[in-house]
Amino acid sequence: MKISARNQLKGKIVEVAKGATTAHVRIDIGGAIVTASITNEAVDELKLKVGAEAYAVIKASDVMVAVS
Amino acid sequence: MKISARNQLKGKIVEVAKGATTAHVRIDIGGAIVTASITNEAVDELKLKVGAEAYAVIKASDVMVAVS
Amino acid sequence: MKISARNQLKGKIVEVAKGATTAHVRIDIGGAIVTASITNEAVDELKLKVGAEAYAVIKASDVMVAVS
Amino acid sequence: MKISARNQLKGKIVEVAKGATTAHVRIDIGGAIVTASITNEAVDELKLKVGAEAYAVIKASDVMVAVS
Amino acid sequence: MKISARNQLKGKIVEVAKGATTAHVRIDIGGAIVTASITNEAVDELKLKVGAEAYAVIKASDVMVAVS
Amino acid sequence: MKISARNQLKGKIVEVAKGATTAHVRIDIGGAIVTASITNEAVDELKLKVGAEAYAVIKASDVMVAVS
């Protein structure tokens, strides 16, 4: 499947923390850590686990820009 | 200002392309390119330009995870 | 690629309308029409055109519920 | 109330699962199932329950397009 | 129609600016101005114009919190 | 840090309710209450508590418009 989302950042899963219905998955993208908040269901279905290769996928309209 | 967004990825702006009302800004995050779709107005207000240091800011609930 | 997004609705593209930087793509999902607002760039890259099979992909946290 | 969201898909609720603060509601849209992640509070306020008619409401900028 | 979105802020439209496909609508919510980026199509359909009463509708999962 | 998000509404926190992994924070914006759904982690990191001054930050593309 190819998706329209402009951001598909390849990395390695470094943490999977499940809550009641929502899980937080952290992916190391060449040093930067990206946190995703997804359903527990998706974690199970994609068999996400620490050490596995994964992509952080983000629609361009969901990215903001900040300057210091 | 400190913000709740879990993802604040530091990088360098590599492209600023304005449309009619919406602009696309690309930030190089240690090799990975992140594309943000923001208003032209924000580009002007933050004086975003190629070469400047900037952060891609993304709420965790807007990040999906994919596996190949 | 398998993605965590809970909603991956299969259908057929019935309209592709490009703007300055943003395009609107309409997909017929078994009778219901779903409108996606994506970048022109994504339209080109995925070679989206009327009549082609496509999926509307939506993260569960982006879906609201309404009652009349 | 009429809302700007381009996608207002009519269907029937087939599941309501509450978590600690977040609930998952599934709506059958003419055969396709759409999952919404909303607050428990909204579930109570709208009296959402299995079998009731409901709309899945999605802003066009939150819809991605994928091809296989 | 009643919607699950936690934020339905009542105000008055103070600006409607159309772009190629996307419009920016500004609503005065008791002094604070809220900017919405919606489709031109929605502007036409809802007959949005300066001076009219309107609601800014925002899902709770799309709101971030910042402190200075 | 200055951010591109068009909506940065100043107010006072009136409620902080933590769930398993997700918290709901309510901010009083000159009378209107805005609800944010953010991670528990962000609540701790920003030391959010009732009575504190805070901003509700919302990207323009996440705001819809409704009329009655």
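Which chain is which? They are A, B, C, D, E and F, in the order written, and residues in each are numbered from 1.
Criterion: a residue touches a chain if its C-beta (ideal position, glycine included) is under 8 Å from a C-beta of that chain, and two chains touch if they have at least 3 such contacts.
Because the structure is predicted, anything quoted here is derived from the model rather than measured.
Visitor: Which chains contact both chain A and chain B?
Guide: Chains in contact with chain A as well as chain B: C, F.
Visitor: Measuring between Cα centroids, which chain is at the maximum distance from chain A?
Guide: Chain centre farthest from chain A's centre: E.
Visitor: Which listed pair, A-B, B-E or A-C, reproduces D-F with over half its contact pairs identical?
Guide: B-E
Visitor: Determine whether chain C and chain E, two copies of the same sequence, contact each other through the same residue numbers or different ones, counting it as same when over half of the numbers at the interface appear on both sides.
Guide: Mostly different residues form this interface, as fewer than half of the numbers used are common to both chains.
Visitor: Find the geometric centre of each of chain B and chain F from their Cα atoms only, then give the gap between the two centres in Å, rounded to an integer.
Guide: 21
Visitor: What whole-number Å value describes the gap between the mean CA coordinates of chain A and chain D?
Guide: Centres of chain A and chain D (C-alpha means) sit 23 Å apart.
Visitor: Centroid from C-alpha atoms only, then distance chain C to chain F, rounded to Å. What do you get?
Guide: From the centre of chain C to the centre of chain F is 29 Å.
Visitor: Among the residues of chain D, pick out those that touch two or more other chains and give their numbers.
Guide: Each of 1-6, 19-22, 24, 35-39, 41-42, 46, 55, 57, 59-62, 64-68 in chain D touches at least two other chains.
Visitor: Any two chains that touch count here, so list every such pair.
Guide: In this structure, the chains touch in these pairs: A-B, A-C, A-D, A-F, B-C, B-E, B-F, C-D, C-E, D-E, D-F, E-F.
Visitor: For the complex, give me every residue of chain B touching chain E.
Guide: Touch residues, chain B against chain E: 1-5, 19-22, 39, 41, 59, 61.
Visitor: Could you list, by residue number, the parts of chain D that touch chain C in their complex?
Guide: Touching chain C from chain D are residues 3, 5-10, 13, 24-25, 27, 29-32, 34-38, 42, 46-48, 52-68.
Visitor: Considering only the defined contacts, which chain A positions touch chain C in the complex?
Guide: Residues of chain A touching chain C: 1-6, 36-39, 41-43, 45-46, 48, 55, 57, 59-61.
Visitor: Can you check the complex and tell me which residues of chain A touch chain F?
Guide: So the residues of chain A touching chain F come out as 17-24, 35, 37, 61-62, 64-68.
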